[in-house]
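There are two complexes below, and they share chain A, which is joined by chain B in the first and by chain C in the second.
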Partner chain A sequence: MVRYILKRLIIMIPIIVGITLIVFAILNYTPGDAATLILGFDATEASLDALRAKLKLDDPFMVRYVRYLVGLLKGDLGISWRHNTPVAAELMNRIPNTLGLAAYAVTVMLILGIPMGIISAVRQYSLLDHTTLFIALLMTSIPTFWLALMMMLKFSLELGILPATMPTSAAITWKHWVLPTFMCSANLTASTVRTTRSNMLEVIRSDYIRTAKSKGAGQFRVIMYHALRNALMPVVTIVGINFNVLMGGAVITEQVFNISGVGNLLISSVRTKDAPMAMGCIIFIATVIGIVNLLVDLLYVFINPRLKSMYVRNNAAKEES
Partner chain B sequence: MIIEKSNQIKKKYKKRSQIYSIWLRFKRNKMAVAGLILLSILLTVAICAPLIVKYEHVIKQNLKIRFLPPGRDYWFGTDALGRDMFARIIWGARYSLSLGIGAVFISMSIGAVIGSVAGYYGGRIDSLIMRIIDVIMAIPGTLMAITIVAALGAGTVKLLIAMSISLIPTFSRVVRSIILSIREEEYIEAARSYGCKDRTIIMRHIWPNSLGPLIVQASLSMAQAVLTISSLSFIGLGVPAPTPEWGTILSENKVNMRDYSYLCTIPGFAILLSVIAMNLIGDGLRDALDPKLKN
Partner chain C sequence: MSRKTLSIISLSLIILMMFVTACSSNQTAAPPQDGSSNEQGQETNNNDSKEETVKRTDLVFGIPQDPQFLTAGRSNGQIPNIMQTQLYNNLLRTNPDGSYSPELAKNWEVSDDNLTYTFYLRDDVLFHDGSKMTSKDVAFSFDYHAGKLADYPSGTQARSFLNFYEETEIIDEYTVKIHYSKVYGPTLSCLSDIILGILPEDAFLSTGQDEFEKHPIGTGPYKFISKVPGETIKMQANEDYFDGIPSIKDLTFSIRLDTDAAVIALQTGELDFVTNIATSYKNTIDSDSNLKWFMTDSPGQGWVIFNTGINTDKVGSKYFSDVRLRQAVAYAVDKEDINIASTDGYGKIINSPIPNTFAGYTDVPDYYTRDLNKAEELLIDAGYPNGFSVNLRCITTPTYYKPAETLIGQLAEIGINATLEVLESGAYWTSIMTNYDYDIAIGNYTATTPDADIPLMQHYYTDATLRYTNHSIKELDDLLDKARSELDKSKREEAYAKAVEVILKDNCLVVPLYQFVVTGAGNANLQNVNASPYVDWKISDWSW
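== the complex of A and B ==
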């Protein structure tokens, strides 16, 4: 198992190198001079040259890229061009908000999505099922930023019970997280409901469920003990794929609610061509996605003993030879 | 007589081409048909926008008639600059839908070529292409689009480029997986044995067979593209302000949301309706193409 995890972590390295190369190239080959953007348009030619020399902007692309990678290997994310502060420190300030948002959204998605999907499948074609499916369709198709606007209109401006924007200081309470979490998880909850329902329907009709029923097991036991485990497996994969979407959605959510998170930082630094900062943000997001996908795969092995036994047997065979 | 009857049945069944039987199954799905009708209406509105209202109404400002609520003269009211919201929404359909459809078509064409090459030739080319696609897919599509747009600067064409790039990996994966499954079929081998060029095999034999799943993916991706484009415009990284894209309209009006909520409700509904229509069509097509799912 440990070897498998290590192997997966090593596979992540070329992916992250590839991502940094793409982002570095995008920032490098698009119009706009970094030195001018940092100092402003009224800066003198001499000061611009001095800054270029200081940041070593005149070196060839690959030289600068390799220099960045070497720094990255030492754990040095560089220094922000715009703020002149270490990128790592700024990221550390922002990470709790972004991870918090993602964690809340995933929690809502699991707590709401899976039970709704199960109930919907068990009571197929009931009023409840139709209502759930309709809401799920609505939530997969709704522009989440608009949903957020409408909720702000209702809960913040009309009723005044939930705040519409995030304060910057430590004055953040759970109330501030309600609307952003809802916005971030709306799409994903809906797709979890739909996947859980369709898998559950497939599993319920299989032979071993009929066997379990005929041997006298109650419906609750059949669903929770026999069916759920098998129905959940594809759902787990979907959660992994969706986490990717979630991180993208979190960027928009952070913009709408003005949350000072990594996504917000990424947009502002790409806009100002603050390359080290933008690279730091992208590396962080890609790493989180990679780790979550690894965890999902491990969870997959855990809830599906068939895979585990296969893996162990392979390992044993390898060790024998 | 029995032979005659069976011949009749044969005749009847021969007429049913694959596409026709897919259409029959699609037609049985009421929600999907509703989606198709809704999308046709929206597309008609988008194409006929110049016949419904003149473009000058979209940008003509008239400060005397600011913030008129929806009424007889101005069906959807007027905004902070006294512009006719009805005209802006109608023309917005043109921009939002054509951007979404355009992005999907560009990325589908490029993705199909990349996926075909990877899947058909296999080996080293395949693994190289797939590694690159893995890397791109590790960045969320929205994030990729944001990075490209932010680096290039906001603008309609740049948004289109960014959206297309972020959608290419999905399409090339779909095409590649289909090709891997049909590469070893007899008819491909037959085509190869009578001397077809690779290009002919891919275009004449492989693409028609991968059309179904590709169309399903296209309609679902289109929904996604319309959503992403409007959210990028909303956060100021998409279509710039005077152009009436639905996300841009929402972004312009959100400051006045408190007192004039209709300014934000209507454009949102427009996006919602078109995305629902595309999702319904996509789901319907997927079920129609895969009869196993719904017996």
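== the complex of A and C ==
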């Protein structure tokens, strides 16, 4: 198992390197001269050249890319072109907010989505089932930024019970997280409900559930112990995919709610062509996605021990050969 | 059967619920006289009566983008202007009527040859670090801005406001003589431009430009406290300010990329003021009794620009190198419609590339009053009876793409099939100022010194800084040279009127469209807020 995790971690390295190459190339070959963007359009040619020399912008693309990679290996993400501060420090300030929001959203999604999916499946075609499905359909269809603004209008402006955006001077309280969390999780919860429900329905109808019921196990035990565990597999995938969607979606959420996060930083650095900062943000997002995918795969094994035996057998076979 | 009925009932109930919720949130967004917003009003009023005993002294000010630099002169633009207004002072300032008032200088004299300006400085001005502002700081600041310091040879963006600047001679601690190499009409006007702030020599040189930027120091009404890139800039009232201590003590600038959310935050009181918001929000703000809308004419202008390639080594547009096709576009443009689309009609239609409040401005006729027949004749004349297809370039900000969208429809009327190409700003600037690989685009500019010399020299002189239209016209250069060194008002105006004729009537380098408005919205309890053409909100005058 440890070998498997290590292998997966090692595979992540070329993936991340590949991503850095693509992003570095995009930032490099899209029009717009970095020195001019930093110094402004009326900067003299001499000062532009001086800056290009300082940032070593005149070197060939591959030279600069390899230099960047070497720096990256040493843990050096470089200095932001626009703000003249270390990229790593700016990122560290914002990572807790981005990861925090994603964690809150996933928690809400699990707490609400799975039980609602189960209840919907068990009480198929009931009023509750229809209501849940209808809301779930609505939440998957509504664009989140629009939903966010509507929520702000309702809960912040009209009812005045929740703050609309993150404060700039006062401390951030749990209230500030309610709307962003809701907005992030609305879509995810809906898809979790739908997946849980359809898988539960399938499992409930299978023979072994009938067997469990006929041997006299209670309804609750049958559902929670026998059925849920098998119905959960695809749900775990959904959680993993959604976490990744959350990372990308942070760009919108953070902008709307004025959250000091990686997504917000990414937008502003792309807009100003602050290449080191944009690279830092993307490397962070790519790494998180890689790790979450790994965790999801490990969770499979935990939920379904059959998979574990598969890995072990594979490894054993390799060692023999 | 019963299941089916139940589900239908439940569905319709939910739809009803959604409908009701949607309606109520709409109401809060728009009309003034609905119950919920009145309630809100009362709530806020209650808060106010509580607060009357302890008056608020803080302010959260929403800005749409992060100013790149805070050091005086290093960034030019509306948002940097707001920052520099709080942090720095000029020697003098321009009043709305065009006269000058003292600021760091008590008074001044101009030599008979108009080449030397003597300024007598106040002796009671302190920098934020406690040091005294004296002649040597003024001399240092101008040398720095103009690029006369060996360590900073490119100076700052304020350089273009120090044309013909030679040196600053220190007469005594509080007297300086500023020497110019040539007579320059708008000298005083330029010296009063927000961007030419006075910096502390010792503090700057002891740390250098990069470190100074991290903790900028000026003489202004607010001291810099801290900055989180892309998020907030905090300032505090300067208790030693020579021109009255500000009533707002804690000032926070909050960068808000999403305008919709910023307006909601304004309504809930999380923001106290938002600057530069689109005129389409005016109704929302006006309908909320707790908020107030501020608006005034801006000298900012939007134009259609062409890649002309006149007498330059960069090839112009395949189509718009031909003046007849540029004129055809000019005849096809409906400025009224573009103004409505871009500013909801609050802006003004313009015929001159010189803003109408600037020295040197005179009324010029609309050389190309809308006339589709003439436009079509010109097209036939130029060999395109069936029109042609081009790309119309603009940036992602509304001041660019809104006029562009309307223009496309107008061009279609004469058979020019234009496709909108919205670029990131970096790509756009490279395209229209370096590579000249565009045909037609939307351009705009906001000058902050009220003199015709600035906008015209920036765009139309050979090798100008912002040479969008890719041209070099000797006659125009001569006229601009003549006008800038002319001191007689009517002769200057005459020269500028002629220059405008060359730009528009003879060459049709651009099509002036409309003039912007300066906008802001804030808490109705804020006192003494005034919109100014240069967006330099003077927060030190405000109070709760």
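FYI, the second predicted complex is superposed on the first by the 309 of 321 C-alpha atoms of A that agree within 3 Å, B and C clash if a C-alpha of one lies under 4 Å from a C-alpha of the other, contacts with A are read in each partner's own complex, and residues count from 1 in each chain.
As a convention for this text, a contact is a pair of C-beta atoms (placed from the backbone, for glycine too) under 8 Å apart; a residue touches a chain by one contact, two chains touch by 3 or more.
Only a predicted model underlies this, so the values are computations on that prediction, with no experimental measurement involved.
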{"item": "Touching partner for A:Val256 - first (chain B), second (chain C), both, neither", "value": "both"}
{"item": "First, second, both or neither for A:Ser80, with chain B first and chain C second", "value": "second"}
{"item": "First, second, both or neither for A:Met150, with chain B first and chain C second", "value": "both"}
{"item": "First, second, both or neither for A:Glu90, with chain B first and chain C second", "value": "second"}
{"item": "Touched partner set for A:Ile267, first chain B, second chain C, both or neither", "value": "both"}
{"item": "A:Ile135 touches, of chain B and chain C: first, second, both or neither?", "value": "second"}
{"item": "Touching partner for A:Leu39 - first (chain B), second (chain C), both, neither", "value": "second"}
{"item": "Partner chain(s) touched by A:Gly248 [first = chain B, second = chain C, both, neither]", "value": "first"}
{"item": "Winner by number of chain A residues touched, once chain B and chain C are compared", "value": "C"}
{"item": "Which of chain B and chain C A:Pro163 touches, first, second, both or neither", "value": "second"}
{"item": "Touching both chain C and chain B, counted on chain A across the two superposed complexes", "value": "30-32, 138, 149-150, 152-153, 157, 255-256, 267, 270-271, 273"}
{"item": "Chain C partner contacts - residues on chain A that touch it in the complex", "value": "30-33, 36-37, 39-44, 46-48, 80, 82-85, 90, 93, 125-127, 130-131, 134-135, 138, 148-150, 152-154, 156-158, 160, 163-165, 167-169, 255-258, 260, 264-265, 267-268, 270-273"}
{"item": "Complex contacts: residues of chain C adjacent to chain A", "value": "3, 6-7, 10-11, 14, 18, 21-22, 24-25, 28-29, 36, 40, 43, 58, 60, 66, 68, 74-76, 147, 153-155, 157, 159-160, 210, 213-214, 228-232, 250, 252, 254, 256-258, 260-262, 264-265, 267-268, 270-271, 423-427, 429-431, 433-435, 465-466"}
{"item": "Chain A-facing residues of chain B, complex", "value": "131-132, 134-143, 146-148, 150-153, 223, 227, 230-231, 234-235, 237, 247, 250, 254, 257-258, 261, 264-265, 267-268, 271-272, 275-276, 279-280"}
{"item": "Complex contact set, residues of chain A against chain B", "value": "14-15, 18-19, 22-23, 26-27, 30-32, 137-138, 140-146, 149-150, 152-153, 157, 244-245, 247-249, 251-252, 255-256, 263, 266-267, 270-271, 273, 278, 282, 285-286, 289-290"}
